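Below are two complexes that have chain A in common, paired first with chain B and then with chain C.
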Partner chain A sequence: MPIVSTHKLTRHYQQGGLTVRALDGVDLTIEAGEFVALMGASGSGKTTLLNLIGGLDRPTSGTVEVDGRMLNQLSSGELSQLRLDRIGFVFQAYNLLPVLTAQENAEFVLLMQGVEPAERGRRIQETLRNLGLEGLGGRLPSELSGGQQQRVAVARAIAGRPALVLADEPTANLDSHTGAALVDSMRALNDNEGITFVFATHDAKVEERAKRVIWMEDGRILRDERRG
Partner chain B sequence: MLMLWRVAWRNLWRQGRRSMLTVSAMAVGVALCMAMFALIDGMYTRMFDVMVSQALGHVQVHHQAWPADQQLYDTVPEVDALLAAIDADPGVKAATVRLSCFGLAAGDKTSAGARFMGVDPDREDQVTQLKRRVVRGSYLDAAKPNGVLIGAGLAEELEVEPGGEIVMISQGADGSIANALFDVVGVVETGSTMLDRAGVWTPLPALQSTLVLPNQVHELLILSDDLDTLPALKGRVEAAGGDQLMVRTWQEANPQAALLIGSQTTSKTLILFVVFSVSALGVLNTMMMNVFERTRELGVLKAIGLSPAKMMALVLLEAAQLGVLASAVGVGLGLLIDLYLVKVGVAMSKSGEPMSFGGVSFDPIMRGEVRVEGIVITVVFVFFVSIVAAVWPGLRAARLQPVDAMRQR
Partner chain C sequence: MSSVRQSSPTLLRLAARNLQRNLRRTLITTAAISLGLALIVLTVNLNEGGYKRMMHSAISAQAGHIVVQAVGYQADPDPLLLIDHAAEVVAKAEARFPEGTVAARSRLAGLITSPNNAVGAGVLAIVPSREREITDLHTKLTEGAWLEDDDERGVILGAELARRLGVTIGEKVVLMGQGKAEVTSRLLRLRGVVRTGSLELDANIAVVTLGCAQAFLERPDSANQISVQLGSTEGTRALAAALADDLQRPDLEVLDWEQALPEIVEFIQVDRTNNVVTMSIVGFIVAIGVLNTILMSVMERIREFGVLLALGLRPSQIASIIVMEGVLLGFGSSLIGLCIGIAISYPLVRWGFDAAAMMGGESMEVAGVMLDSRIFSAWAVPEMLIWTAAAWGMTILSTLWPARTAATLEPVDAMRHV
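And now, the complex of A and B:
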């Protein structure tokens, strides 16, 4: 069953009197449990596609269906609820809440979901342990390395048991070793828990570990390759 | 909500100096309001005491013709039965009767116009607390039927002190010259300019005898426990008294006094409005800055699923916390100022002479009166203003588009 489905998805921007076709009629289907890398040069439309799939932006035309819901038919509040319950995000710049500790950042989504305290505590401890963050839960983001912060961001993205995690250049600010370790962690989550991951990336290490690689150029899908 | 509260609290201290400045400004506003309220309450309580409790009672009963003509003969009929009915009314705290007339009071050397009031000493004290207003000498005593109290101003004018005598000259109900010699037992300061300058309180039987009005009174003054139910009490007294009586609440008896005393609400509202308009601008500025500075962060929160309502709640919670802090600090500061105003007061006159306003004389030192309702109103208002001032920044946060917000640096 597809977790993501786009049909003739288009996103145009006005920039200095010119129309920029950031996305130009993309048809894409991603099945549940896939581990997908969106590859392409800057400006190829990877981030725009992730934003539209995540309901962070509205398309100029075309449709996006996530987990059986047509996003263009949802209100702002309904979109927020869908993101909270079904989608996790990992950003290039980590984007953790600086006033919350690592554990509180990861716990935030669970609290918003209304998960009971006991279950919340169990899931957070498990998630932090799986991501190698044991003992770091009480630290503020400013007290963590870049790799640790990005792991916390992943913990926040998966703690709420989403069906889909969208990651925009998650390894871009990390050294190669840390980046590879992070991708391995996410791949393990994909293998063990069946969470669907979609990355926008330039990173060859992400590409190597992806089960499916989609190359984009000028807002279109250039090539779509599934791997064993 | 607990997590939002925690996030809001920590956000507040990311710009600690700014938050503290806003809290300080609001706290000063709270303290200022409490101090002003204490002074206003002190002043108006004095006014109410002098103008209403002492002079008018909460409800007063006269012969129908008395208010317009004040003729000696316009007495309240069947006063004993009426007084018994009033005493039995559950809404009545105390009641007294008075017989009064104008006349001449003469001391050894001078004389002056005076208002003579024949009163039941015990009842009068229950209604007007006349006993505690005695500043020299003693209170009326049933064992001294010719002993009288006189106002401090009149005592000074007649050069009479307790132990001295005054002569009363007026007109009797039978057309004769009514005159009597009274022993001054005490001097009173009521706070009423008119009464202090011209008032003479005699035991009721003495004045009834002098005016040849045995068992007659001109007015009944009633105090109630509940000022909100005066119209009902008035209705019951009317029913008990019959057609010849005029029963009025204090507001009906003296609309000017009602207007004056009622103006304290306007004064307080004006003070609240002015002080908290400034506070509201402070909160608005702080919250707008917070939202502008954290646009990217708020975009992330929205991206990970915080609903528009919760985004709004986050901003309102920060403002509410500012309000709670300002209330706590402000009430503490305000109580210290109130304590000073109650215990020490503010000198309102350089000469040390009492001031007079609306027929009420005030001590040159004005003292405050602290009422819980004044503090509660101030705290509720500062909290309300904090929330209202944050609505606009909150709406801005709620309407952020995640993708636009996260592009901000």
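And now, the complex of A and C:
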């Protein structure tokens, strides 16, 4: 069953009187459990596609269906609820809440979902352990390294048991060793828990570990390659 | 809905942490709100003290908590509008108010002459022993002795009036004025001199006994007013009505202090209104400062709000974080402001301060009422609570626009914000 399906998805921007075709009629289907890397040069439309799939942006035309819900038919509140319950985000700049500790950041989505304290505690401890963050839960983001912060961001993204995690250049600010370890962690979550990951990335390490690589250029899909 | 309820403590915690994030800014904002409120609390307590002193002074010297007088005297205080059978009225008032003090008074206008000069004067006729329980005029005596109740030939003069007349203790003066039917005069002997602290009053006041005034007017057992002094200004309207029932005198009107002293009540109301306007302006200026601070803190966090929207928070939840920051900031600041206000008001309530140097004399006159130079504050509890709530509310109101701004953010635009 597809977790993501786009049909003739288009996003145009007006910039200084010019129309920028950030995404130009993309048809894409991603099945549940896939580990997908969107590759391409800057401006190829990777992030725009990710934003539209995540309901963070609205398409100029075309449709996006996520987890069986047509995003253009959802109200703002329903879209928020879908993001809260079904979609996790990992950003290039980590974007942790600076006033919350690592554990509080990780459990933030669970708190917003209203998960009971006992269940919440169990899930957070398990998630932090799986991501190698044991003992770091009480630290503020400013007290963590870049790699540790990005692991907390991944923990936050997956703690709420989403069907889909969208990761925009998650390794761009990390050194190659830390980046590789992080991608390995996410791949393990994909393999073990069946969480679907979609990356927008330039990183060869992500490409190497992806089950499917989609090459984009000028807002279109250039090549779609599935790997064993 | 239940998850929204469950998420509120999380958002509240986030709001509290956000306030701690830029502690210096939070402390400066808290200081602005709390010091503004403390100033307002100090002012309302000072005003309340002033109003109470003014009421007390006016009630004791000019009227009473309850006043009995001839019908029409309120509109036209003619000395000849007298209460007949005043002793009976006094007796009934004393029976109705055994804990109070009842005093009969008359007021005359006349010319006091001495061998050296003739000066117009306002003559207050009193029962000296009763008046001692009500006013502090006898404490202002600087020369001679206070009047005895049966002294129908004695007079106390204001110091300036005595100086202008050129008389000293024991010397004679003549009071001339409108009598029962025609202009009449009465020989008086100067018993004492008072110095009230007001040059105007000292140049005008003459005090005689009520018996003296009755003899002058040839109206025995009469007075212009029967004044009843009680312990409290509360509920006097009903007490006045009860006394009126007891008296059953259609020729008399029984007023409570608010009816008897309308100019004082009006002065206090106008002054209260002016103060509310002034303090509201202070509050508004503080509110603009708070609004600016909160708006600035929101603009700094736009990217963060974008992240929260991406995580699944609703725009209303983003707005509620900011409003909660206002609720917490306002609550803390208001409480601190109230405490500071109470702390700086306490010495003025307990001991007061002597403003003689600022006033240029020992006392001052406000709306025709003599006030002592020692200024006391009084706890204006309802006003303090109202202004505290207003400061809290103002802080919350200051967050509404920034909250609305944050709630209208599009996630993708907010996350691009640098």
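By our rule, the second predicted complex is superposed on the first by the 228 of 228 C-alpha atoms of A that agree within 3 Å, B and C clash if a C-alpha of one lies under 4 Å from a C-alpha of the other, contacts with A are read in each partner's own complex, and residues count from 1 in each chain.
Quick note on the criterion: a contact is a pair of C-beta atoms (placed from the backbone, for glycine too) under 8 Å apart; a residue touches a chain by one contact, two chains touch by 3 or more.
Values in this document were obtained by computation on a predicted structure and should not be read as measured data.
Chemist: Evaluate whether chain B and chain C can sit on chain A together after superposition, giving fit or clash.
Modeler: They clash: once the shared chain is superposed, the two partners overlap in space.
Chemist: Does chain B (first) or chain C (second) touch A:G77, or do both, or does neither?
Modeler: So A:G77 meets both chain B and chain C here.
Chemist: Given the touch rule stated above, what does A:V109 touch, chain B (first), chain C (second), both, or neither?
Modeler: A:V109: touches chain B and chain C.
Chemist: After lining up the shared chain so the two structures overlap, which partner does A:K46 touch, if you call chain B first and chain C second: first, second, both or neither?
Modeler: Once the two structures are laid over each other on A, A:K46 reaches no partner at all.
Chemist: Determine, under the contact definition given at the top, whether A:G54 touches first (chain B), second (chain C), both, or neither.
Modeler: After superposing on A, A:G54 lies in contact with both chain B and chain C.
Chemist: Can you list the residues of chain A that meet both chain B and chain C?
Modeler: 51, 54, 56-57, 76-77, 80-81, 83-85, 87, 89, 91, 95, 97-100, 108-109, 111-112, 156
Chemist: Taking the complex as given, what residues does chain A use to touch chain C?
Modeler: 51, 54, 56-57, 76-77, 80-85, 87, 89, 91, 95, 97-100, 108-109, 111-114, 156
Chemist: Mind pulling up the chain B residues that touch chain A in the complex?
Modeler: Touch residues, chain B against chain A: 2-3, 6-7, 10-11, 14, 296-297, 300-310, 401-403, 406.
Chemist: Taking the touch rule as given, give the residues of chain C at its contact with chain A in the complex, in rising order.
Modeler: Checking each residue of chain C against chain A gives 2-3, 6-7, 10, 14, 17-18, 20-21, 303-304, 307-315, 317, 410-412, 415.
Chemist: Going by the contact rule set out above, which residues of chain A touch chain B in the complex?
Modeler: Going through chain A, the ones touching chain B are 51, 54, 56-57, 76-77, 80-81, 83-85, 87-89, 91, 95, 97-100, 104, 107-109, 111-112, 156-157, 160.
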